[in-house]
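Listed next: structures, encoded as structure tokens.
The same chain A turns up in both complexes below, where it pairs with chain B and then with chain C.
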Partner chain A sequence: MQRRTLIIGSGTCARNMAEDLLSLDIEIIVAVKDEGPDFSLSNHTQHASAEVLKHTRLVKCRGSVGDFTVFMDQKGETVERNVSNIIIAEEDTREPNFALYGLAPSSHIISSSQLKDLLNSPGEGALLSGEETIVFLSGILDESNPVITKEIMLCSLRLQSEFKKQIYILTKNLKVAGDGLEVLYRKTKDAGVVYFKFADASPSIEQNRNGRAHIAFNDEVTNQQFRLTSGITVVDETIKPSDYLSELSKILRVDRDNAGFAQTGNVHRIRVLTNRKGVLAAGPGRAVQSAEEHMADASNAVLRVLEFFEQEEPEAIINKAEINRSKCVRCLTCYRRCPYQAIQLDTKPVVVQEACEGCGICTAECPKGTITIKGLSGSEISDQIIKPDSVNSGKIFVPFIVAFCCRRSAARAWELAIEAGHNLPPGLRIIELPCAGSISYDHIFAAFKKGADGIMVITCHEGNCHSEKGNIFARQRADMVFEFLTQMGFEKERLIIKSLAANMAMEFSEITSGFEKQIIDLGASRIKPGG
Partner chain B sequence: MNVNGKSVFVVGGGIAGLSAALELARLGVGVELVEKEDVLGGHTRQFTCKATDKCVRCGACIVEEKLKGVSDNPGIKVHLGSHMEKVESSGRFVVSLADNKGSSHSCETDAIIITSGFSPFNPAGKPYGYSRFDNVITNLDLERLLRKQSLVTRPSDDKAPEKIAFIQCVGSRDAKLNHLWCSKVCCGSALRMASLIRSRQSETGVTLFYMDVQTFGRDFQRFFNKVKNDVRMIRAIPGDVFKTEDDRLRLTYFDSAASEPREEIFDLIVLSVGLTPGTDLARLVAQLNIELSDSGFVSTPEKGSGTHEDGVFAAGTVLGPMSIAESVASAGKAARDVVEYLKI
Partner chain C sequence: MPKVSEIIDLDQLDPRQFSTWPFSQDYCVTCGLCSSSCPISGVDDFDPRKLVRMVSLGLKNEIVESRWPWICTMCGKCEYVCPMDINIPGLVRNIRAIRERDKVPGILHKGLDAAIRTGNNLGLPKEDFVFILEDVGEEVAEEPGFEGFTVPIDKKGAHLLTTIHNKLVNTHTDDLKHWWKIFYAAKEDWTVPSDEWEGTNWGLFTGDDEAMKTMVGRIANHMETLQIKNLLWPE
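On to the complex of A and B.
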């Protein structure tokens, strides 16, 4: 297999990964959408090759982890390359919040990036002369973040101490949750920077004819009215993904967060993973974060690539999906439902073994039942549904409860509950599923047929499913079964669906015991085992 | 890669140590993981899941994944109830380990990663009555409580509190203590727990006393908008806490909007204590040539993971306050740097 990784981006995070991968003898291609900075890759050895493609945008991607074919546009020409992994480290963009504060940009109203540029170009600072008062507006309407706060504090420190201006910073919550920011905050205060913080009220901001801002507010600490006519008003910026970055997620079929960055908030993706094997998100492509965090991302992405090339055996042997091609009617449900994009379209859908994580969502979703995973068929699950001996002993009714548990969450909580000695129903039988999304109607009805008095489906919480939407699919299927049961005149209370995390041992005990009580009240199931 | 015979010592079995151990073991590097307690998992092991109907991304479940990963990985040798008694450096390191039973043995290693974590600030010196009043607890106490039971009760009488106050920044952002840092994680922890309590115990009122609410997680704005409807927010650092005759707590604070001091009665007070440098750092400084920053956390030149001593790396909250996600990333960075150091 070739050892080649595509890095999309041009910032320090992208460069750092490029150099680091080269030092590990892994070939790299860096695709930079514009002129970009001049990469002088220091670790370039004869063993690995490096290619920097400027003015190049990704337009199409085929294949899967270990064997991606990427199609890029370079000034109208199509460039085709074969790579094993892809890292999205595309730069974010900034949008000045002029409109948010009702201000129009002018020589008196500038963005924080404009100010940074002024301060960084020699002599340009003179443009600030003649103005005594500089007001920063930051995080007044929308909450800010430590990245922006740090920039504003650094600028204000220079303006106050070097340029002898009077600086006012107006904000709601000062974002100091970053390394060294509390110390920096104190330094700015010692230098004379004045902070006004608002809780519920916001200042009233008006722009006069000559372009200056008049700001009036009630200071919540001294309870006094203030009026500031600002020589220069600096508005903060929102850091957001560029259109190209959003487009990249679409091309690579990677789930995005609400802002449009190439990773969701799913905690199982910590740190640089996406829902798609072989596609990583790092640095500015991943989230709003500091330069230090970009570097941490770079190291973590390099580790993931290294692990991919160096790992001798897979972490765990998992059963993967297989499609019976002769029965497939090409409805493409599997293609649309697979959270890992492990289904490829040939003449008919094919499971890419390397990308399949064996979650079983496709097996349950396929309307024709043509997809199988070892261990998940109706009969295999049915064989596991065995009544605990305690159910049959004695005269008191001990409900037989079958709990279908996601192996990542509820099954772990069950183990912890046993370890901790928590109370569990004596008639409880756990069936582990690779993901709650693999639960099928067959499984639920098999449990009823085996004489279960109550059936539980326990999923991860919404937003925490390793397979992204497995818990939602499970809920949809449970809803359908509720509907069947109601129509059949059967107690739908015999089935429940709950969410649990892996560390919720106590809750596992509580919900199973609570359900047992509910079933005792209902009495034994009318369905006779084997009948 | 040639990992033959290479081994790395990881000191501390919290989230950073577990993560670093796993990263290295996956690449075939032999790992010795030493943990002073009798169980792995560190502080995070006691954390509760804070999901209401949806996951709120606190990351508490990540530790379970890592614990399982470590226990399933034959390449990681775990030494519980043990600490480094002596370290000698001569190209490789010779480490003497001592366990709680008094026995010791030594082994050789190529590099060391320090992931010994933080110590929670002890708020007994603050005028909030911690350790004097049963119903004044820390956020870590509340995490443990919520891990054990789904409803919050008061330690003094096991009754559900009508009113709970969270006090933020206890031991953080405090010039008098020379604690010039934000502990980063307490706003997320407090607001997520407050939101969880409100969703399960709607009759319980929650008030949060704060300086500045810190942004955490993606979609913070959305979470914060929701939580502001559920939790009363007061920007003030409370003064004192007294116990009333009917076993409630009287809290004083300065109401700046009204420009006057106020008193309010609560049933349970939760102190969000800061993350401070680990108490066992002194021993490590004596053993290894590592340096501490002004704040007392381990300092690394050029903000990398390498300390001032060659072959010794650091990750996680031993470097300063970090969330679970940041600790995992920090461990990844250290693992990458160690691989570079070992030239494998």
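On to the complex of A and C.
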């Protein structure tokens, strides 16, 4: 396998990763969409090769982890390369929020980037002379973030101490949850910066004829009305993914967060992973982050790449999906449903073994039942559904309860409950599955057929599913079964779906015991095993 | 807060004017823990956070006019819970100090003023004071077990000097007897000064440090002139 990584991006995060990977003897290609900065990577090229492609955009990607073929457009020419990993570190963009506050840019209304440039330019702040007050509008209508907050605090500190201006910062929530931000906040307060926070109402902002903002508001703490005609009003900026970043996510089939960055908030992706093996998201491509966080991402991404190339131990053996090609009708459900993008299209869909995580979502979703994973078939699961001995002994009704548990969450909570000595129903039988998304109709009905008096489907919490949507698929299927049962005139209360985290042993005990009680009230199932 | 004006022009305010006060009031993050801990939050619409904010914004007229600093009980719970270590009781006391003295509410400043001028909050003449002490002393001596009790006034070289709360020679004379009986039973060699005997120090409540210093100075002075090493100051 070639040791080559594609880095998409041009900022310090991209450059740091490029330099680190080269020093570790890993080849790199850096694709920069425009002219970009000049990377001086020559020091490291004695072993591995480095290629910086400017004016180059990714247009297509084939293959999978360890063997991606990427097609790029360089000024109309197609450049094709083979790489093992891809790191998305594309720069974000900034948009000043003039319109949000109903203000038009003028010499009295500027963006925070304009102010930064002004402060950094020689003859600094000539524009600021003659103005006594400077008002910052930050995250009043939209949420702010620590990156912008830090910039604003640094600028206001300079303006207040060096330029002797009076600074007012108008904000909704002050985001000080970043390294050194609380100390910085104290420094600005010491310098005399005044903050107004708006939780309930927003200030009224009007621009007068000479371009200045007239601001009036109620201070929510003292309930006092204030007004001010601001010398210079500095509006904040929203940090967004660039259009190209959105495009990249689509081409690489990577899940995005609500803002459009190339990683969801899923804890399993921390820190630079995406839903797709071999595709990493770092720095400005991953989230709104500070320069320090960009550097941390760069190091993390390099470690992940290194881990991939230097892997000595083979990965733990997991059973992977197999498609029976002769039965496949090419409906492409698997292609659409696979959270890891491990299905590739040949003439028919094929499972990329390296990318498959064995979650089993495809096996449960395939309408033709042509996809199998060893251990997950209806009959194999059915064989595991065995009544505990306690169910049959004695005259008191002991319900037979089958709980389908995700191996990452509910099954671990169950183990913990046993270890902690929590109460568990005597007739409880646990069936552990790789993901709740692999629990199929077949499995649920097999349990009823085997005489289960109650069936539980226990998934990870929403947003915590390693397979992103496995828990949502499980819920959709459970809803469907509720519907079936109702139509059949069978008690739908015999099935429940819950979510748990791996550390929730007590809750595991509570929900299983609660369900047992519910089933005792309902009595034994009318379906006789084997009948 | 008292509305001194309906709308305040921010550029007319000096948010730095109390920045030399050593109470960290500018670090307030308006979390509201002080408000929820304060036993008089809600009385007259008061809560400590508002006061901290007013000082931080430099709303001088408003805080001086406000009744809020005067209804605070100085219990200190707000300071105890404040995550930013703001000394709110200290702040309250400083606000009290900047109000004109004749506008200090109730009898606090009047009593203090009398004490500075006459030596005690009541303005009680020396002869009357001595008469009351001796009269009450005689009552004690009449009780079984306290035969021969007298009040040692201005006794040089005594072991213990005591001060008197003005109400004990006014409406609560019986309360004088408890200490005296203990002194008698313990064979304590004690004394009380015949003038400047006031044991209260209302400058504590009105924010008047100068007056406090004067009052404390008088007690120190007694100890020096009467050559006494120990002080019982029951206030």
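Keep this in mind: the second predicted complex is superposed on the first by the 520 of 531 C-alpha atoms of A that agree within 3 Å, B and C clash if a C-alpha of one lies under 4 Å from a C-alpha of the other, contacts with A are read in each partner's own complex, and residues count from 1 in each chain.
Everything below uses one rule, namely that a residue touches a chain if its C-beta (ideal position, glycine included) is under 8 Å from a C-beta of that chain, and two chains touch if they have at least 3 such contacts.
Since we're looking at a predicted model, the values are computed, not measured.
Novice: Would chain B and chain C fit next to each other on chain A once aligned, or clash?
Specialist: clash
Novice: Check the residue A:M506 against both partner chains and state whether it touches chain B (first), chain C (second), both, or neither.
Specialist: first
Novice: So which one touches more of the residues on chain A, chain B or chain C?
Specialist: Touched residues of chain A are more numerous for B.
Novice: Going by the contact rule set out at the top, does A:K189 touch chain B (first), chain C (second), both, or neither?
Specialist: In the superposed model, A:K189 contacts chain C only, not chain B.
Novice: With the two structures laid over each other on chain A, which partner does A:T133 touch: chain B (first), chain C (second), both, or neither?
Specialist: second
Novice: Return first, second, both or neither, reflecting whether A:V221 touches chain B, chain C, both chains, or no partner chain.
Specialist: It touches chain B and chain C both.
Novice: For A:D179, using the defined touch cut-off, is the partner it touches chain B, chain C, both, or neither? Pick first, second, both or neither.
Specialist: The answer is first: A:D179 touches chain B but not chain C.
Novice: For A:K197, using the defined touch cut-off, is the partner it touches chain B, chain C, both, or neither? Pick first, second, both or neither.
Specialist: In the superposition, A:K197 touches chain B and chain C alike.
Novice: After the overlay on chain A, which stretch of chain B ends up in the same space as chain C: 237-245, 291-299, 309-317 or 327-335?
Specialist: After superposing on chain A, the stretch of chain B hitting chain C is 237-245.
Novice: Check chain A for residues that touch chain B in one structure and chain C in the other, and list them.
Specialist: Shared contact residues on chain A: 174, 186, 197, 221, 223.
Novice: Under the touch definition given earlier, write down the residues of chain C that touch chain A in their complex.
Specialist: Going by the criterion above, the answer is residues 1, 3, 6-11, 15-16, 19, 26-27, 29-30, 49-50, 53-54, 56-57, 59, 62.
Novice: In the complex, go through chain B and note every residue touching chain A.
Specialist: Those residues of chain B that touch chain A are 1, 23, 26-28, 47-49, 51, 53-55, 57, 59-65, 68, 72, 147-150, 173, 175, 180-182, 184, 187, 212-222, 224, 233, 235, 256-257, 259, 303, 320, 324-326, 328-330, 332-333, 335-337, 339-340.
Novice: In their shared complex, at which residues does chain A touch chain B?
Specialist: By the definition above, chain A touches chain B via 20, 23, 142-146, 173-179, 181-183, 186, 197, 199, 220-221, 223, 257-259, 261, 264-268, 270-271, 287, 292-293, 295-297, 299-300, 302-303, 306-307, 310-312, 315-316, 408-409, 412, 416, 460-464, 499, 501-504, 506-507, 510.
Novice: Could you please specify the touching residues of chain A with respect to chain C in the complex?
Specialist: Against chain C, the touching part of chain A is residues 132-133, 166, 168, 174, 186, 189-190, 192, 194, 197, 216, 219, 221-229.
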